[in-house]
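Each chain carries a letter (A, B, C, D, E and F) given by its place in the written order, and its residues are counted from 1.
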């Protein structure tokens, strides 16, 4: 690809080839599946049944082990989607667009989980399901960003156009996320409404901290698994007829 | 015509151009050269890919496989497709004014002359919404007389024209190619000119199921 | 064909029909009778008023002067104009389904047969947005084979069809008139059938500036 | 005629199913307007719970209004409205069928999600049933009245704004009674009178819409 | 390129002049939303003056948003967008020209009428200059950011609602700063910081819009 | 284990419904995501296999 304005290393070029990606993702897929299942179960059981209760919040504290991973993932998936989209736009790489598109549904799911678990958590802690707190509001806006990208994808029938549109919107959204966050925080302090703050404890006992680490890692593995699976199916759809795919054992059924 | 004809260079050419839509291959390995004075008549049955080809040449449809090469960057093309690009609320004259304004400017008398040329004398100040199908097509074609371009890409330009209109238009095509321009057009009617070059897309479509080679990267 | 042909009655006729648009008189004192078996080819240059006439007959354009008389109220007509009335998101089959559902019902196999008849086999489940100009036209024409109607009003039905498509369509027209139906169509191409009746609107347009008598009342 | 209406309903639902985004869109618009209100005005619970009834009703109205624009426009633009009008059935049946689908797609989801919204705006929970009931009677009225405007602007370029102008005056009483009923319920007062008025307006709309929208379409 | 942009600006202004309804429509929508708010919520002066800043900004945003839908759509549908893109100039110049006309037609009238609205909602009169200034910086930002969404939904059927969904999240900061600045001015506090932030967002929008909307159009 | 009995684990001193519904939601939604991705993959493969069969 000499006409590319920016040179890319060989492995990078390779990664952009659907054939190579399909094979490599096929190898990784089962490992991520095992890791996700193991880490999530381990972390959840530990967090539910073995971690000590919080001295202030009691047992509702255990919601943290699902709420925080979801909240973290909701943001990093958006970032990942934008990066994949940018790679696609700059190097004109089809697979990158497919990866970006694969992020949408799972990212929206994590955002929804963060919102709902946070809201449920708020009831015993704050006495209300929802307050117009800065963090909550910006998560809600993030959810709307995901919803917009999802709707746009559904509305555009041609695959490569949908991929590019996703990329543009993800990039614009990512640049905007810090601005939204900042503005919302600032707006909220101005009005001085809710005196609630998220409990930030500087030092947690390891018994409380480690399950969180496990579920966060497990969530990342699950995210990777879903993205690989969705990207692979998009490759199959777009390459139907390519000889490498026709001879692949997934098709020949060996 | 303002530009000086130079019949030896080529204006544009394609190299191994192919197109696939919806996993049906439309044409494959298409190579042709468009030189000044050429009139290409793109043929093929419905759904053969004529419109797609013209849009690829105009740069309105992505080229995934193969290449379209232009002689230089300043080559001027006019594309008139199924959708005419006219604003219904504006009059014929106003429409021509902005269309011409995209790559040049025009005086009102030039525009009136172009409209008279396509047989729309007396309709200059009618909103396009109030014109008949054939009259609308004529307004769009008037642009050919107003803006000088090297290559005309015309997608079924005879649609809704009456018989005299078609005869007139063929005459314009003849004059344009004589003066060193080139034309690529589609039509299901035959063109009665001596030097028409036929590009039959039926010949280029591969067997169903055959697939285009994937180059790994694509220009979207 | 399900209805029994009765060639003696007339299906519709006009009496002193006239039309004026934008203070230009298009046609004046138009009298003709459409009987079973008739194939009327409405001719005229661009802007002569062909589309307007067909829309008046279909009841889509108000009749101010003169009258259009139908043999009885249950006469069935199909009008296919410049706009095809297809939903781009729906597939060819689904479009036919709702169009046919307006005055009858249809089974899937009937619809598939109609689509095969117009040469769209294999495209039944493609969204119409993904069809070419000629293929869209064919979907609209497929309705003629699905719904039985006495009178077909077709505005430039050859537009964007390829040559084989036009030949096939002329054959359908012949069969329809043979079976006791009637056709009124416009086209700038000639129709190669023996019993075509020509209605040339050029003959009916009065001199420029001449004005229609004002009847005081109008049927809108 | 039932078959004719059924053909239209089925086609429109199919179109929605082909593009589910269209279905959730009024809903999301509704949610967004409501989310923006605290952002623009103030996040204080006291103020929000006081204004909640009005804000929800105004947002519901805007969501309905915006989705109305396309009620007949898309059909007009691609020529299928012509075909529908050519069928040998009265045009009011066409109007009713299309309004029904419109309500199903734009009004019903709003009603279903309204409890959630009520919580976010701190509306007292004992007012939620009233809110849902008033929306249940009110949104079909909005769809019906809106269809008159939609039919009138069909074929006019950029008719969206024009539609708003035509229809908003008709919407005013619905908004007032709807919002008042919810506010009354929040304060624990009787709501029977408001509901009767809303129901009366619904019947009124049901009587005038088919006729007037039907004749507007044939213009 | 200046000539190219000028040809577009002139054409679009001509289109507006041919159909002046399009021009006053955003304005009337703005007025109506603001008029409905007291009807739906409460006519009390105290409550209104407290919420005025937010309501005006939300209404301005909705009015802008609705008129954005047609920014590129009409051009796409009649094929003139193709012709504009075929011209040998970068697509961002096309975006800028169209956004400029959009602001002239939808944003500017809002600013001019805002003093009237402020009086109707009992906004303290010393806050009116701030309101106008914040709208003057804010509405072009709204038009610019909106153009990204408008470009993305071009060619998508029924894109109006989709546009709302895409763009509203981007509008959140503008609304917050705009409304806060007016509220601050009403309470007699300093507004310099808000104005600086609004200006910064305007510059930001001016930087990203031409690129992103331009490439979205070429999809 | 932190809790004395299974009942205590389920009840969590009154916070049980909140905690368990959160965990349930978390695993249900993620499970649906994986299941949907798997189904999409199978569907794509099936389509291609049908394509191969049609053209061989």
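By our rule, contacts are C-beta pairs under 8 Å (C-beta built on N, C-alpha and C of every residue); 3 or more make two chains touch, one makes a residue touch a chain.
Keep in mind that this is a model prediction, so the values were computed, not measured.
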item	value
Equivalent interface positions on chain D and chain E, same or different at half	same
Chain B onto chain C, rotation angle from CA fit, given as a multiple of 5 degrees	180
Which of A-E and A-D has more C-beta pairs touching across its chains	A-E
Chain located farthest away, centre of chain A as origin (C-alpha)	C
Inter-chain centre distance, chain C versus chain F - centres from mean C-alpha coordinates, in Å	57
Between chain A and chain D, centroid-to-centroid distance (C-alpha), Å	35
Centroid spacing, where centroids are CA-atom means, of chain C and chain D in whole angstrom	38
Geometric centre distance via CA averages, chain D-chain B, whole Å	46
Residues within chain D bordering two or more other chains	19, 21, 25, 28, 32, 39, 42, 157
Chain F: positions in contact with at least two other chains	51
Touching two or more other chains - residues of chain A	141, 144, 147, 151-152, 155, 164, 184, 187, 240-241
Touch list for chain A against partner chain D, complex	128-132, 137, 140-141, 144, 147, 151-152, 154-155, 184, 187-188, 191, 193-194
Residues of chain C that touch chain D when the two form their complex	58-60, 74, 76-77, 79, 81-90, 94, 97-99, 101-103, 105
Chain A-touching residues of chain F, taken from the complex the two chains share	1-3, 9, 12-13, 15-16, 18-19, 21-23, 25-27, 29-30, 32-34, 36-38, 40-41, 43-45, 47-49, 51-52
Residue numbers on chain A that touch chain F, as the complex places them	40, 44, 48-53, 58-60, 62-63, 66-67, 70, 105-106, 109, 112-113, 116-117, 120-121, 123-124, 222, 225-226, 229-230, 232-234, 236-237, 240-241, 245-246, 250-251, 253
Footprint of chain B on chain C - complex, ascending	21-22, 44-48, 50-51, 82, 119, 126, 130-135, 138, 156, 159-166, 188-189
